[in-house]
Every structure is written in C-alpha cells, then in structure tokens.
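There are two complexes below, and they share chain A, which is joined by chain B in the first and by chain C in the second.
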Partner chain A sequence: MSLLRPALLSVAMIAIAVGVLGADYALGQATLVTTYAIAGLGLVIIVGQAGQITLGQGALVALGAYVEALLAVRGVPPLLSMPLAVLLGAAGGALASVPAWRLGGLYFAMSTLAFALIVEEMLVRWTSLTRGGAGLSVPAMAWGGLKADTPLEQVVVSVGVLSLVWLACARWMRGRLGRAWRAVREDEIAAAEACGIDVGAAKLHAFVLGGGLAGLAGALYAHWIGFISPEQFGLTFSFELLMLVFIGGARRLSGALWGALVIVSLPQLIALVRDALPGDSSRSAGLETMLFGAVIVLAVLLRPQGLASAAEGGRRRGRGRAPY
Partner chain B sequence: MLSLIQVLTSGIAIGCVYGLVALSFVLIYKATETVSFMQGELLMVGAFAAVALNAGAGWPLWLAAATAVAGMALLGAMLERIVLRHAIGQPHLVAVLLTFGLGLIMRGGLTTVPAASHDIYRLPFADRVLQVGALALSFSHVLVIAATAALAVVLAVFFRHTRAGLALRACSENARVASLMGVPVEAMHTLAWALGAGLAAIAGVLLAPITFVHLNMGLIALKAFPAAVLGGLTSLPGALLGGVFLGVVEALAGLALPEGVKDVVPYAVLMLALFLFPDGLSSGWRGRR
Partner chain C sequence: MPVFRAFVALVIALSALVAAAATPGVSDREIVLGSIQDLSGPAAMLGSPVRDGMLLRLEEANEAGGVHGRKLRMVLEDSGYDPKRGVLAARKLLDHDQVFAFLANFGTPVVMATMPLIVEAGRPHLFPFSPHESTYSPLHPLKFQIFAPYQRYMDAATRYMVQSRGYRRTCLLYQDDDYGLEVLKGVEAGLARVGQALVEKTSYKRGATDFSSQIARLRAADCDFVVLATVVRETIAAMSEARKTGWMVDMLVTASGYSAQTHELGGMAVDGLYAVSVLPHPYAAGANRALADWIKRYRARFGVDPNVWSAMGYSIADLFVRGARAAGRELTVARFVSALEHLETTRDFFGSPEYHFSGEDHLGNRYGRLAQIRDGRWVILTDYLK
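Up next is the complex of A and B:
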C-alpha cells in the first residue's frame, strides 16, 4: 500500500530517534523531517516527475508560512487558514513559472529565482504587515478546544498531513497527470506533443501542485517553529530543498522523506564535525558553510545517478532547447 | 540635468559590472551548457585576492589586480578539470547544485579568515572626483565604464580573430561538428571556465571601488541573471548590453520610485522580459531567428 510504506517508515524513524536522542528532541526533529518532506514532495513533482527546475520553492514556503502566521494571530482556525496558505503557494507557483511557460528548462530557473527574490524583498519591506526582518511569532496550532503544542501532538499532525498529501501525490502520479509529466520529462516534442499532451499545461500543473505543497509545508512550519522571519526562507533554503530532492532521489515519493531526513540532520552532523576540528568559535560560521558546500559537491559527484531519470533526458545534447 | 547625468553615469557603471558578470555566465553556459551559480563568489574571491595582494603584501594595485584575475582564471580551469567536468551533459540541476556547493565552500572559506569578515576595504582612489566643467563625476565610475569598453574590444578581437576564440565559438555553436573539425572540445571547456572565472574576477576588481570589498559583494551576481536573460541567454554582446540597460533602469527607478522598489526592479524586468520577449530583447529588432 502506498500509504503504509511512508507511515511505517516515519514511525520506525521516530522510534529509533526517540530511543537514541530522548523523546521530546526526537519528536521535534521528526516533526521537522515530515514538514520538510511535504515541501520535498512538491519538488519530486516538479523536478522528478515533470523534469523542470525551480529555484524559488523557498519563497513559496514563505508565502504559506506568512499567510498561516498572519491568520493564526487573528484567530482564524487552521481548517480555514491552511487551505488559504496552500492556495497562495499554488498561485505563487503559477505566477513564478508562467513567464518561462513557453521556454522551459533553464528559463524556469531564472523566472522562479526572480520571483523568489521579489517575494523575499517584499517580506522585508512590507513592515506594516510582516514586521520585516524583526519577524513574526506564531501561536500554536489550535482549533476550538484542540491544541497542538506538545512535540507528540505536533508530530501526529504533521505525519497525518504528510500521509494525506502522499496519497494525493501517489494518485496524481499514477493517473493522467503523472503520465503527462513523465512524457514531458522524457521527450517534450516527440513523446509529449505527438501524444496530444498539452506540454505547457502539464508544466503549469506541476508548478501549481508543487507550490501548493510548499505553501502547506510553510503553514505547518510556521506553527512548529513558532517564529518566522524572511531570512529563514532565503535563496539558501530554496537550494537546500533542491538538494533534499536530489539526495533523496527525485523519481520516487520516498525520496522526499529520505532527503528531508538528510537535510534536517545534516546541520547537526556538521556541528559535530566542526567541534572536532581545531580553530576558535569565531571561525565556526565559515567552517559550517564550507562543510555544507563540500557535502553538496560530494553528494552530487558521488551520486550523479541520484537523478537518473532526468539525466537520460539531459544527455541528448539538444541545442537551443535547454535539456532537462 | 547635471544630477541626471550623474545618476546615469553611476547606473551605467554598475550596469557594466552586471554586464561583465552576465557575460561570464553566458560564456560558460554557451560553451559547456553548464549553469554557474558561483559567479558571485568568484567575483568576491577575486576582489579579496586583489585587496590582499595590494594591502596585505604591498604590491602595486595594477599588479595585484592582474595577478588576482590570472589566479582566478587558473582556479576556474582547475575547478573545471576536477569537479565541473562531471556536470557536462547532465541535467541543469547537477550544475546548479555543484556550483552552488563550490560557491558555499569559497564563501565559507573566506569567512574563516578573520581579516576578511571584519573589515570593509576601500581602494585609495575610491573617493576621487572627476570635474568636467560643472559636472562632477566619480572617478571610479568613469574608470569602470572605460575598462569595460576596453575589455569588450579585447573580447571582440579575441572571439573574431584568434584561433582559440574562433575554436571556442565553434564549440559553443555545435560541439560535435567542432570536434570533427579538430577543435579540442575538452580543452575549450577548460578555457571557457578559465575565461568565465577571470571575467568574474575582473568584475570584482572593477566593483571594488564602487561598493568596496566585503563578504556580501557577490550578491550582485544575482542581478547578472536578469541581464543575461535580457540578452537572450546565448548572446555575449547581449549580456553586456543587458547589464548596462539594467543598471540604467535601476538607477532611474531609484530616482522615481519609493525606497526598496529599486532592488526588485531587475527581477521584475526579468519576468516581464521573459514574458514579452522570450528570445531576448534584441530579437525585437533582429526579427525571429
């Protein structure tokens, strides 16, 4: 069963982590992993299924997080505010990708990047709404008498949400949408257009659904972290999400979960390595950045087949049309 | 009127830097089909190397700058040989992540140097003013524009009249045919990265007197993407002109629009340009290819 696998996987991971690290800490980390995985699923659709590239996913997560935070402060119940966050994420995904709609490939990277930078600047400058760089604090998720503010409750909510969207993604991928995405990924002209697939629409669907998932992840993230500011969702975050899906393997849904596990645990592993290295604490920020960069480079070099699916498409050295 | 000319000059000067970075990006992209997200870091490391040689080791400025640029070109060639070669023929995502990772290593490595992360360096002539009649222009702006123009001439000669330049262009047009004609394609890839890194370093050295040298100066490379897109992503002169255009638009936006809007203008221009002129702005008067 498609739902059984991730659920079992998450439960097993959580159980191991609880045993090793202590309950509250482990549950908190598990919440983060499942939340990142939701955003990762969006990238599995865009990158792994449709074979496109996006550099602005972090900004869509930010849109979801800010919608949720602003509505939650005003007492809007999550059942109403979360769909709005998803909607805004999806709208952002559409808006970010539409300029490159006819061009595809690298142009998607450019246009989503530009969109993300605009959103980031807007979050910083629109201080009357977002309080700019000072950030917003977010109340715990609450609905009527129900409240999710202990680690256990939070992990239950995010595993539940992840399972639901996992089911939805599996359904999309099995159906007409998924076939269209894969046809676009493998060969845009011959396979896709010859089969009567609307290539532009297939790409747009991927970006809209991926954006919606990013918005959903952002809404959850805002509650779990309790404080959001624009710098959490900068360009580095977008690249982290790309790396998540690359390391996990973009072709399968489980890639999002594995990748999320790596991305959440990586900073802590890096901190361990940094402490083992000589040098005083003033150098630690630079060392962490260096180690993170080295991990990215090594991961890409040692696992170039991490994106085996897309690599097949890229080896056809078509000119003009950016191969993906 | 005078102040408008001053604003335009500073816009053109900063636009030249955008254009040079865009040029380096497009050069690499055309020759190797590899997307580089580390041009900003190359720019920053180049500028820091020049400052270190000048202020630290006491070399004269011109020698320090030339050595820094040559060193960065060497670094670019080395990185291509060791790492970036693996991105060729792979999907864009591979190159994006590889160059981003290398950029992080460079930025992180520089951050660990205490002298780099604590101080902002300015060059000795940064404050000099050029007086033309009633018009007062910043010396560094005029220098940047003149240097960029000279560099454009040198590059044009290189690409049109030298063997290596012609080979590089052939390789960019069609790698397979070029290799059949005896062009050593792999060596050309290395050359393209060396040139790309060198150009980024030149942009850094030229930017140094305008914005000073600090750890975040590489962020300016983000504005090279709109410039490259304006030029159609495959045209070298287009990238340079796109950069200048963007610099001027940004400077004018700074005059006319409220604070903060100026910074998003390049990205709004990028999205609009993609939407309206998907083949680059120049396609408007050149007609459809």
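Up next is the complex of A and C:
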C-alpha cells in the first residue's frame, strides 16, 4: 500500500502534465523522477533504515554513471553494463562504509563527504579514462534492435527498473536484514549488539545495497541526460539526494518517490507559475531557487517526518501498523 | 487552363500558409524564442547580463514593429548550471512553449545535455555559451556558433605577442582541466609556428587561491612572458603574487579573464595585464555615440551598468533578428537556416567582429583581439588577430 498512493498520485500528475504541458515534457519529468527515486531508495536503506548519515551518495551515482557511459560508448549492451554499474556502486558503498566500523554520527558523515570529494577529484584527474572536466557524451540506451531514446521508452525502462528494485527493497526491509538495520538505527549497543546482531556487517549491507541502487540510478541517469561530467556529481548533488530522502520521508520506501517528485518536479512547477507572473517580476534572478527553498522549509516544518509519513500516517493509525 | 493554374496557385499558397502555421513558435503575431541560462548557479553573474542584453535587443526590435510584423518573445529558463534542470527546461521550451529556436544556452554541461534534444526536435541551436567544438562541428544544419574554442584565439594571440615583443621564454600557468589543456594546446601551437617551445608550465586546481609556489616556479624558469589560462579570481591572485614578489613579467590571460571585475577587484596589481577579447567591454567613458546611447538605454531598462556579457547577449539577439528578417515573412526553420548561412555582418558600435556563416561553415567568428589594462580599464590594442 505504501507504493500505491504516491504511484497513483504520480500517474495522475503525469496525466495532467501530459494534457497541459505536452507528452514529451511530462514523460521526461517522470523519467527523472523515477530515476531519482531509485537513488533515493538507496538512501532510505542507509539513512532511514540503518540510521547512518551519508553525504557522499552523489559519488556512488557518479560511479554508476561513468561505468555505464564508458561501456556504452564501447558498445557493451546494457544488460551487461548495468550490472557492472551496480557492482561498482556497491563496491564504492562498501568502501565508503569502512570508517563506520570505528566512527559514528557526524564523524562518519564527514568521512563520506571526504569519499565524495575523492571520487570527484578522481573523475576530474583521470582524464585518459573520464576525459576530466570535458565530460563524456553517452549514447541512447540500446540493445540489439531495441532502443530507449524517446521519453516514452525511457519512462517505461525507468518505471520498470524502479518497480523491481522497490520490490527487492520491501523484501529486504521486511526480513532479518531490515530488523537488524532498524536495531542498529535505534541503538547500536542496547538494541543491536545485545541481540547478537553484527553491527558492522549490518551497516556494510546497508551501504552495499544503497551503493548498488545509486550505481543503478547513475547508469540510467547517464543515458537519460546524455552527457556526464564530474561537476554534475559534486557535493550539491549529494546534498540534493539527502534532501530528497528527508523531504519524502527517510523511513519509508514511498519517501523516495515523494522526495523525487518534490526535488525534480517542484522547480518545474515553479517555472510554470513564474511564466504566469506579470511584467518583470519573472525576471528576478534566483526567484525559482528562492521559491523552491521556501517550499522545502515549509515541507520540513509542517511534515518533519517527511511527506510519506503525512500521507500514510492516518491509514496506519487506523490499522495499528507501525512504520519501519 | 486558367482555372487549373489558379487552383494550383491557390494550393501552393495554402501549402505555404499551412507550412508557416505549422512552424513551432511562429504565429501571425509573434515568434517565440527560448533560452536556458544560469540565473542562480555558479555562473549567475554572467547569465543575468546575457539575458538582459538579449531582452533589450528583442524589445527594441518589437518597438520598431517586430520582424515582418511579428513580435519577438523570449521564454527564459534557469538551469542553475545543472544539466538535469537543463534537460527539463529544454523539454518545457520544446513542448509547452513551442519555441522556434534556442538562443545563447549557457554552460558546456547544459549545452551538451540539451543540444541533441533541440536539434532532434528540428529547432535551431544558436550561439551557445560553450567553447565546445560540437556546437558547430561536424557541420549540422541547425547548429550555429560565434564562440570558437580557446585554442584558436590563444594560438594567434601568443604568436602575435611573441613576434611583436620579442619574447624568448614563454611559460604557462593553467587550470588543470579541459579549459587549461585547450589553452595549452593553443599556446604550444602558436609558439611552434614561430619556432619556439614552451619553457615552463605549471597548473593549479580549480578554486585555488594561493599561487605562490606556481609563481616561484615560473620565476625560477626565468620566463619573460607568462600566459594565464585562468578565470577572474585566479588571474588577480596570480598577478598579485608576481607583483608582490617584485616580478614584473608580462602576462596574457584568455578571454575568461577579460572582465571589468579583473581591474575592479585587482586594482593596481593587474595594471598592464594583457588579455584576449572577443568583444570589447562597453565603457561609458570614451564611448562612441551609438554605444553611449545603448549604455543609457540599458541603464534605464535594467538599472545597472552593462558589461561585456550584456553586449554579447545583445549581439546574439541581434544576429537572430537579422537572420529572421532575411528569412522573410514566411518564416520556417529551413528559410531561417538558409538566411543565416548567407548572413554577413559588419562591425557594430560595440566593435564586434564581422560574423560570417556559410553552408559549409557554421562558426561565425574565429578571431580575438588583444587588450591591456591601462589606468584601471581595458584598452583594445589590436584588430582581430588572424
């Protein structure tokens, strides 16, 4: 049920957007929303379930995007290249989680920040492979005679992938792994270690799975945007992803979709409102950013547990079921 | 037979009307243009004057009756230098606003992400602020550019400086990214053509503020001429460091350092700095009559002084107006492209280069000119260097 409401809302928004704005524009938005939601699911696991703050998720998305781009230009089919992108994202996640064995809280968050900076620097400096700041053009996703280069084809692929990883995440969260993550989140010593949970391994699993999802999102992102360069995956992007999961609701899978809707679509909605403003008021530099910031602040103030909690809280209370 | 001929003529006329009506962004009353600028990101201080310069030219054209009776309307989108937002903005402009053409899209990542969408949709992609070669090469009917890669300007500028001033030991300080490497190639090519080689080169990381080690290294190499592949802040920092240590070597910066901010912020430390300019800075003092009028109009409209970016925005919109006028009343993409391919401009009141396009070449200008900071302002020293 957690999926149904945002999914229905997304479908309704897409339908309205298609009618009002044109099909390609609306489908293009939906493609990016679903792709961001995949990366957001990774953060739901790491932040919402395992309780670890990471400031370097953008770097893991970058790893996936670069693997996919480099393999795609060499003609490697996506069925082979995308698992490799996931693998590298997962390996990056594992590497980023190493300090978690000794550090916690903000100290660990700072180490993930350092990891993100290292990855960005590597992408800039390893010019023979990444072309550095010049960036890489990425061809459309293609395999044999099949190609995903129209907005409709891209949204079909994105929604399909999101559905699959959503089911996988739901399964992980319902099972033993999910219970271990939540114990670590609540209290590493009293709740987790006292129950015999290997805290280090639980964190590692969260980062590996979260990193894999980031890598997968990166692989899709590279195809949809068609051009990647290191500055796209800088700290701003990592913060944007973190903001996504907090706005949407870090403890629920649907939080990733809600957050992605806000992060990707809200600036576009504001742009449409701005167009309707009279005279020179629409010229003001940074108007969209200011409005976007104001909406985010309002969302956080009014829904501190995320938009997903507001949407589902009432129904859950009725059924007496606790959120993860 | 006359009836048949009249019928054929009617069909042709109707077809032309339908074709004109079917051209996105073109109606009987207006032509809609799109532009994706950075108005809130790292290059916002450049994006805003570009936007204002374009708006001023379009408003002037509208006040004069528009282009063949059609008013020009520009829809601006802010990408914040983020290609994801750029892609969404491009789709909005294509689908929702149905723009006829894109003007002056800003920033290489945004341009590279949006350009394929735009040309696939059959819309002209005109004069983007990106020195990337793919904005005009290989030749594509819908891609036009007036800003050449840095390499081209720096080859000619380095050669001219070495030949005219007799430098023997040229060195380079460059940003360690694609921008810096491109300048490096241009400087090496220019030196090779006068039988010299680069004596020393040293790099810095984007965002660096301390250049003491780089300047010490270049000084130790006994350079008599230093080329700077830097942006404004780094240009000031590097030159200030050299002057602070008493090293009065001549320095030449790329067009990225040619900004009023360089002398406004750098003060006396940057006096004497040479730069490559692709369009002169529009100073009010000493301006010709047309330029002075333009500065006055700009101030009255936007409440601030124009800068070189405003002039670039204005020139870009002016090129569009000229192309649309030459295309005639029945405006279609094909007619517009054909008109642009035959467009040849002369120097305007800014002192711009002569833009020239053809069916085989969509890069309108390849040349820059030398300028120098003298008494706190840029002074143009040469004509466009070929």
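Structural remarks
In this text, the second predicted complex is superposed on the first by the 254 of 324 C-alpha atoms of A that agree within 3 Å, B and C clash if a C-alpha of one lies under 4 Å from a C-alpha of the other, contacts with A are read in each partner's own complex, and residues count from 1 in each chain.
Operating definition for what follows: a residue touches a chain if its C-beta (ideal position, glycine included) is under 8 Å from a C-beta of that chain, and two chains touch if they have at least 3 such contacts.
Since the model is a prediction, treat every value here as computed from it, not as a measurement.
Looking at the shared chain after the overlay, A:125 reaches both chain B and chain C.
By the touch criterion stated above, A:137 is placed in contact with chain C alone, chain B being left untouched. More residues of chain A are in touch with B than with the other of chain B and chain C. When the two complexes are overlaid on their common chain A, residue A:111 makes contact with chain B while staying clear of chain C.
Of the two partner chains, neither chain B nor chain C is touched by A:222. In the superposed model, A:85 lies in contact with neither chain B nor chain C.
Looking at the shared chain after the overlay, A:213 reaches neither chain B nor chain C. Contacts of A:300 after superposition on the shared chain: chain B is touched, whereas chain C is not. Contact with both chain B and chain C is seen for A:289 once the two complexes are overlaid on the shared chain. When the two structures are aligned on the shared chain, A:162 is found in touch with neither chain B nor chain C. Chain A residues in contact with chain B (one complex) as well as with chain C (other complex) are 125, 283, 285-286, 288-289. Across the interface of their complex, chain A is touched by residues 29, 33, 35, 83, 86, 89-94, 96-98, 100-114, 117, 174-176, 222, 225-226, 229, 233, 260, 263-264, 266-268, 270-272, 274-275, 278 of chain B. Of all the residues in chain C, the ones that touch chain A in their complex are 39-40, 44, 47-48, 51, 55, 75-78, 80-85, 87-89, 91-92, 94-97, 108-109, 112-113, 116, 134, 176-179, 181, 206. Residues 21-25, 28-29, 32, 124-125, 127, 131-135, 137, 151, 221, 224-227, 229, 231-232, 264, 267-268, 271-272, 275, 283, 285-286, 288-289 of chain A are the ones touching chain C in the complex. Contact residues of chain A toward chain B in the complex are 47, 51, 53, 55, 98-100, 102-103, 105-107, 109-111, 113-115, 117-118, 121-122, 125, 235, 239, 242-243, 246, 279, 282-283, 285-297, 299-301, 304, 307, 310-311, 313-315, 317, 319, 322-324.
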